[in-house]
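Look for chain A in each of the two complexes below; its partner is chain B in the first and chain C in the second.
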Partner chain A sequence: MTKKVLVVDDDPDVRSFVVTVLEENQYMPLVAQDGVEGLEMIEKHKPDLVILDVLMPRGSGIRLYRKLKTNENLEKIPIIMFTGIALRSFLKSQRALDEFKGGEVPKPDIYLEKPVEPEELAAAIKKKLG
Partner chain B sequence: MKIRKLLFVTKFEDLCYDALNSLLALKTAALEHVVFLNVIERDKVAMQRGSGYLKEEEVKLKETANIRFIDWAENLFEMGMEVGAYIEVSTLIPEILKVVKKESPDLIVIGRSHKGALEQLYAGSDVIELIRRTDTPILVFKHMMDDNIVPEKLFERPLFATNWSKTGKKAVAYIKAMKNVIGEIHVMHVVKESALKSPDTHEVQKVRKAERQRLDKLCDELEEAGINARSHVYVGDPQKEIEKAAKEYQATMIILGSSDKAAILERWVGSVSKNIADKSVFPCFLIPGEKNIDQ
Partner chain C sequence: MSANKILIVDDEEIIVRLLSMSLRSDGYETVTAYSGEQGLEVFKAKSPDIVVTDIKMPGMDGLELLKKIKELDPEKEVIIVTGHGDIDSTITALQYGASDFINKPVRDEALAIALKRAKTKIAIRKKLEEYTENLEIKVAEATEEIRRKSNFQRLLIKSSNDAIVAFDHNWKVIVYNPEAVRMFGQAAKDVRNKMTIDELYTPDMAKIFKNQAQSEKDQTTFPWNEKIIKTKDERQIPVRYASDVLYEKGEFVGTVNFFQDLTEIKRLEKELVQSERLAAVGQTVSGLAHYVKNILIGLKGGSYVVDVGIAKDNTEKFKTGWKTIKRNIKRIGDLTQDLLTYSKQREPEFEPCNPNDIVGEAVELVKDTAVSNDILVLTEFDKTIGKVLADPQTIHRSLLNLVNNAIDACLEDEDTSKKHEVRIKTYKDKNKMICFEVKDNGCGMDKDTRKQLFDPMFSSKGGKGTGLGLLVTGKLIEEHNGVIKTETSLGNGSTFTIKLPCKKPN
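Right, the complex of A and B next:
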């Protein structure tokens, strides 16, 4: 069965780029343009993988990542972070939220800083989905 | 009335990270979410004879803004804050209103209008246009002025000019919600010269005393809420006197509520608030009345 991959990114050019890579590699792309829509899509479609931006309107990828990793029904969904925000800042923000909100979330398995070549993105997706 | 989310509208020439940084004091009150908005005015990328729509220019401007926002967002994310960003080719005020509808911020932060005198005369000020069309409080940030008066501690010593309207009461609620940030507040009321009907000194002093007592009562209310407050009565032209008091007490910002009455809205917004928001060297925190929205 074709695996579903949700792309959560506010930039239409980035969504288009990722969707093209997904289609070329025989995955079924789903798209959302912000954190709120992203969570709705995840709950509705239970994708096999989420490709997640960080800086977006209506809910950042940082909060969405945290919501997913602290939800026992959704925590197993693999996530590729795909963003212009530095990994260092992402990790610091999660540490700050760990202190503030309690709990601890795992580091993302794959963190890609934009821009990346299509091959690099495809390789990351294959690594998670096979 | 807590400020949990603010919308930071920037063209980069007027508001930069240092301005944002001075607002982060609000974290100790309730601030947890900052939304950036950069509006690229349509005329910068509009169709031009010979070159058509300037798509490359649009991409360049968007990417430049994106790089700035990423840099700022990294700093805020590292503090554990939530950040969002919009970069749109549009017209400033309608775009702000669109984002306000989507995000429901508690405060809009905007730089002073840089329109020329002639343009302002015909098109009006962006700030005033915004006050008329939103019921969200607005902080008009004054920065990169010649005298660079904007302090690092924006909330250290605000001046609250009350006209005793309902919106003034709303302003008091906002002030109380910022008690952890405000150092000392100066509360003032300007008695218009026309209100001093009698030339008799005794009568004039009676008016002053009554206003002073009213202000003192307000100061007591603020002190009960945990904010040090001092009262001042001025007489004369409200705009000039508010500006004068702000200078005398080295205010770090001016807090103003606009009138609730539609009939006098234009007079208030169109004179005191407008002139202070547009021309004062001090940052202005404007709290619009409930009925200000033009439909």
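Right, the complex of A and C next:
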């Protein structure tokens, strides 16, 4: 069965790029424009993988990532962070939230800093989904 | 030096000897003669300070001797010894300038008193001489000092960096220093003592200084002011000027004007603003790099999608990718324009235009984005504004920027239950300024964001903002002599108001 991959990114350019990569690699793309819509889509479609941007309006990727990782129904969904933000800055924000909210959220499985070649993205997706 | 040498003249030897002895014992130096002729010889030879002479002598008598001595040296003291009742001779002696009279027989006390008086006179005269001499020196010194001071003042006026122009009570130029020559461009010989204020200055300037002279007498000094003066040869010079109205004993005697050429200062000020701006662009580089990277991501992604579209002969893909590429080309174009606008000095180009139309066009450009994100865009234009003289580019770009920001603020808002809207309003305020208000009910700003709003490298939009938008807007508005105001409340939205002074076109 074709695996479902959700792209959460507010930039339409990024969405069309990732969607094309997914199609080219025989995955079924789903899209969401922001954190709030992303969570709705995840709960509704239960995707096999989420490709998540960090800086977005209405519930950033930082927030959505935490929501997924602290929800026992959703924490198993693999996530590829796909962003222009340096990993160091992302981890810093997560550590700050760890301290603030208590508990510790695991680091993302794969962290890709834009720009990324299509092959690189495809390889990362394959690594997670086979 | 006290007068100490006394010449005693008497034809009676005994009297001469007695007097001489008596005076010597009092500490005087004496010389003696026994006739008028001899007396004159001794006087010439020994130059005594005081002469005591008998009046009645054979040959040259006392009066004759007195006369001769006074001719030789009018300052010598001559004491005349007279007999009783010799009134006529006494009067003649007085006329000849005798200093004192003592009666015969000569008593020591009387002589002592007469001598003392004579000595005092000599002493006073000496002092007077000294004083006179001193006074002459002092006057000479003072004259020299005054000359030096006035010379110094003249030099001061001459070498002053300020242009100094003074007028007498008839408004004729009396001081016109070299800097004034440079500033007003008229030779000193044609101006000083020749021109009046109306001939040297333009009418508006002449009026300023004439009005000052007519104001209350208790104000004589008028503080520095700035003005752009126009010289007769049509040069425009930015100056600071000040003036003093001069009174002497309550009478108006003239006025002095000082001018400082601000051309260089103004140029440096402009240069400073420019270099600060360039420095700010430098600071923005890290933010810019991020933004440019985002454009690159878009272009790369777009070209990949286009490639796929071509390879698969998929027109839909091709179109999507091509749209991405075009959008990012536009972003580069906008960025370049923002950078140019921000880093370059630009004068607004005023032309008759209708602000409402320009705002309408700007709003039209962003409407699609707003609608696709479920944001309501409402406009409310004051129709009475009509055509005004303004720079359409300033209005267009500022409004486009503010409306884009307002839409972004709605998109950033985490409260999705809100019905988001952006209201754009134009109106005239009580000062006849044209106002453009852009109000959103989006996320609003916290204090820190609010504070950094117009800072160069600041963007609250992550990699999606250049940090140049409001900077450019602020600069455009400033160049248009307008103001921009911000009101914001975190979670409730922001209102930006631009006020521009606009003239009606002729």
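Throughout what follows, the second predicted complex is superposed on the first by the 130 of 130 C-alpha atoms of A that agree within 3 Å, B and C clash if a C-alpha of one lies under 4 Å from a C-alpha of the other, contacts with A are read in each partner's own complex, and residues count from 1 in each chain.
The working rule: a contact is a pair of C-beta atoms (placed from the backbone, for glycine too) under 8 Å apart; a residue touches a chain by one contact, two chains touch by 3 or more.
For clarity, every value in this text was computed on a predicted model and none was experimentally measured.
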| item | value |
| --- | --- |
| When chain B and chain C are modelled together on chain A, clash or fit | clash |
| Which superposed partner A:R58 touches (first chain B, second chain C, both, neither) | both |
| Partner chain(s) touched by A:P115 [first = chain B, second = chain C, both, neither] | second |
| Which of chain B and chain C A:L97 touches, first, second, both or neither | first |
| Touched partner set for A:P106, first chain B, second chain C, both or neither | neither |
| First (chain B), second (chain C), both or neither touched by A:T20 | second |
| Selected from 57-65, 309-317 or 453-461: the stretch of chain C that, after superposition, runs into chain B | 453-461 |
| Overlap of the chain B and chain C footprints on chain A, listed as residue numbers | 10, 34, 55, 57-59, 84-85 |
| Of chain B, residues touching chain A in the complex | 35, 66-67, 69-70, 73-75, 77-80, 82-86, 99, 102-103 |
| Residues of chain A that touch chain B when the two form their complex | 10, 34, 54-60, 62-63, 84-86, 89-90, 92-93, 96-97, 99-100 |
| For the chain C and chain A complex, residues of the former touching the latter | 290, 293-294, 296-298, 300-302, 304-305, 308, 317, 320-321, 324, 327-328, 408, 411-414, 416, 462-464 |
| In the complex with chain C, residue positions of chain A that touch it | 10-14, 16-18, 20-21, 23-24, 34, 36, 55, 57-59, 84-85, 114-115, 117-118 |
